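One structure is given here, and the rest of the page talks about it.
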């Protein structure tokens, strides 16, 4: 594996994680969480955990995001923090 | 068939839960009898297993036919055999008691309710007997998920309480998973017995100590030990009465059992009680839990909330008793797991009947309750006496062992806390008895439904009364046969 | 200096897991919004998955799918050439558990919103206190 | 509050970071985790189960019991969402909107008005969101079958490549969710009702548990697929491989159904009228 790639993606994962919990729009947070999951999936693919990466891509970045968006539509987009 | 019991005891409730979900869409009448089968059969199996354990000491079962370090092993010893019997008897009694409540509270979702409660029980049974650290996590999550759903279905504030419980519970389970991950990192295995063989060489390692800490913190959150008990009062007091006997009686006790099992089976007592330097700190924590739980119970205005704080105090008893680290303390702690499950079941069933009839459980609404619901109140009083610790009820004997253990270990603060909490419990239950027995029935408060005008008997449905009386009798029976229980089963725990 | 670099190179994956874990824990403690708390919970869970995958990683090794075709069965399979598959198996289960928890959490959040009309915890608390 | 939480979190983090110095190095082939149990799996799983993908072999065979409960967890989540959210009381709205398919004209039928008989010419639409996008609908019509085909491939080819029942099930479920997003929830419910998805979810787990019970009835331990060899008319090792396939299909069915079930209940808050 290439450690430069690893470091870049780790940084991106942390940035998107921080962004997902700080953004004030819940829909945006849901989408950023999807991005976080997808970057995480890339990280695991780099580490050789292909099955886990596959699952995370379909579950974390796919279905979880859809469920988040659905829940946000059923409740509210507003968030104070 | 005999040697397949360890697998069947979990598979039967699981399979019945699945069948109930299917049947629930076709005909709701079949749900209850099926659930009865799904809990009655494992109860018989668990009794069979306990008898077998008494003869053979330890039963192991290799799932998938793989030897332990490769596959998953189930391991039943004296303690887990005993806890299994407790789990299934409590679940069966609560099921019978909850029939009318389910019809009243969520008639259209009866199938889902029974399915979830069977999954809950299957998860608990699995937690009790699994010999694999990661398998325990999966089963923990099954139990927790069905528990969140059952709690969240209660009346108005229940979803919020359920969500808080979910977040706390997930933190707890994740900490446990992290602890297991640390152990895996250092040893490369997940099997509890193999871990216990490989760990002593690593006891000086920081990582192993951290692993133990994380497992312990995770389990403390799950069992509502004092500083992290915040989720319990709301979750337990808002949950639907149909599930309250099941969840309140079993969740915390099984988690304490897991703590004991992890400490004694995965780690050695010498590491747990000496190396980690946790002993006295945790006993003090338990003392604080007992005292605050008792005092807060005194401040509550409703019966269920009062009981939830008593549970927090009782968790303090068991954790403190275990961390005394001597024979009497641990015996008392294990005995109290059994007794407290029975006592909590008895009290919650009685309170469930009261809530079912009065639609309220505020202390001020209970006037004259002894006249209208005499049998339920008999059960309630027996449960109360047992919590206080009056002989010949079982609560006395476990408290006796705990006090003996406390004196032997020289931790007088624990003994003082136990006596203090007993005194508070006397006040708590006699306050209820005073309101319910001596206060005249206030007219016009509850007469809009079902209360006959001249204070005649207005008992809960037969199933509820019978189950609460059975559980009350079991308290006395457990008390009388304490010697048998300790001599035949519990003394082999150590 | 060289020691420090090797230390960093050999441990930074673990540190990233700790940062993410603390991020999730912080979000769960501090954030008042329930959906934010749920996002924090998920970040917390994925960080633990990252830890396990890091435990399983092995340098100079390939993914845990054995190269085989007819006639190659005779070649011995060397454990050193393949990444440790056990953490992957465990984490597949953990991912499933996390999505299941997410579903139940969102269902509860929707019910909370139905009850109080808001997802902010302080607003809910003030509503409860008014009653 | 924020400051206290921040300090606790940082303290806790640095404590664990302090612990990491005793960790084996990242990627070290000599770490205990790589030396103890995993060599057995890597070297023996092909000989034991005839499955080249070690993860699949360990997941569905050596630790098959875990996976059974993993499927049960997912099933419990679907059941829990249904239990928490589903409301059966139908709120009849006073007005109903219908769109004429070929012209796109929308008619509003007041309460008591006669509804259009020929449902192929008129389609019922929702007041909040009216799906009328030719491009999206056609694209989805093209994509969905290929997604489903790929999902079936993922399930069936889990023995040889990354994938398996769980991933394939999620993708299958996602294809139906895509249908529900691109059209509307009501027409998706007509194709796959909630009852069907609930029963399929339970049936999927039942396939898994049933396989285990079958092994048990044939005299072996629970989930010991070798016992199936006489039934499948194959060698004992191939019986393990086939057993894994059966179980993966059960997982796929259950996961697909639960994903759809979850989406139905969460996207409509249990009312099953209007989706996203």
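When the chains are written out, they are named A, B, C and D in that same order, and each has its own residue count from 1.
One rule holds for everything that comes next: a residue touches a chain if its C-beta (ideal position, glycine included) is under 8 Å from a C-beta of that chain, and two chains touch if they have at least 3 such contacts.
Not measured: the values here are computed from a predicted model.
Chain centres here are means of the Cα atoms, and by that rule the chain farthest away from subunit D is B.
In whole angstrom, the spacing between the mean C-alpha positions of subunit B and subunit D is 32.
Averaged C-alpha coordinates put the centre of subunit A at 11 Å from the centre of subunit C.
Between subunit B and subunit C the centroid-to-centroid distance comes to 30 Å (mean Cα coordinates, whole Å). As a whole-number value, the distance joining the C-alpha centres of subunit A and subunit B reads 37 Å. Each of residues 134, 138, 141, 145, 148-149, 152, 159, 184-185, 190 in subunit B touches at least two other chains.
In subunit A, the residues that touch at least two other chains are 50-51, 55, 59, 63, 67, 70-71, 74.
Chain contacts: subunit D has residues 16, 23, 31, 33-34, 37-38, 41, 53, 55, 59, 63, 66, 70, 73, 76-77, 80-81, 84, 162, 166, 262, 266, 269 touching two or more partner chains. Taken as a contact graph, the chains fit none of the simple arrangements: neither line, ring, star nor complete graph. Across the interface of their complex, subunit D is touched by residues 4, 7-8, 11, 14-15, 18-19, 21-22, 25, 61-66, 69-72, 106, 108-109, 112-113, 115-116, 119, 126, 132, 134-135, 138-139, 141-142, 145-146, 148-149, 152-153, 159, 182, 184-190, 205-207, 210 of subunit B. Considering their complex, residues 53, 55-56, 59, 162-164, 166-167, 170-171, 173-174, 177, 181, 259, 262-263, 266-269, 275-276 of subunit D touch subunit A. Residues 25, 28, 34, 37-38, 41, 44-45, 48, 51-52, 55, 86-87, 90, 93-94, 97, 100-101, 104-105, 107-109, 111-112, 115-116, 124, 128 of subunit C touch subunit B in their complex.
Residues of subunit A touching subunit D in their complex: 50-51, 53-55, 58-59, 62-63, 66-67, 69-71, 73-74.
The touching residues of subunit D, when paired with subunit C in their complex, are 1-2, 5-6, 8-10, 12-13, 16-17, 20-21, 23, 25-29, 31, 33-34, 37-39, 41-43, 45-46, 52-55, 58-59, 63, 66-67, 70-71, 73-74, 76-78, 80-81, 84-85, 160-162, 166, 262, 265-266, 269-270.
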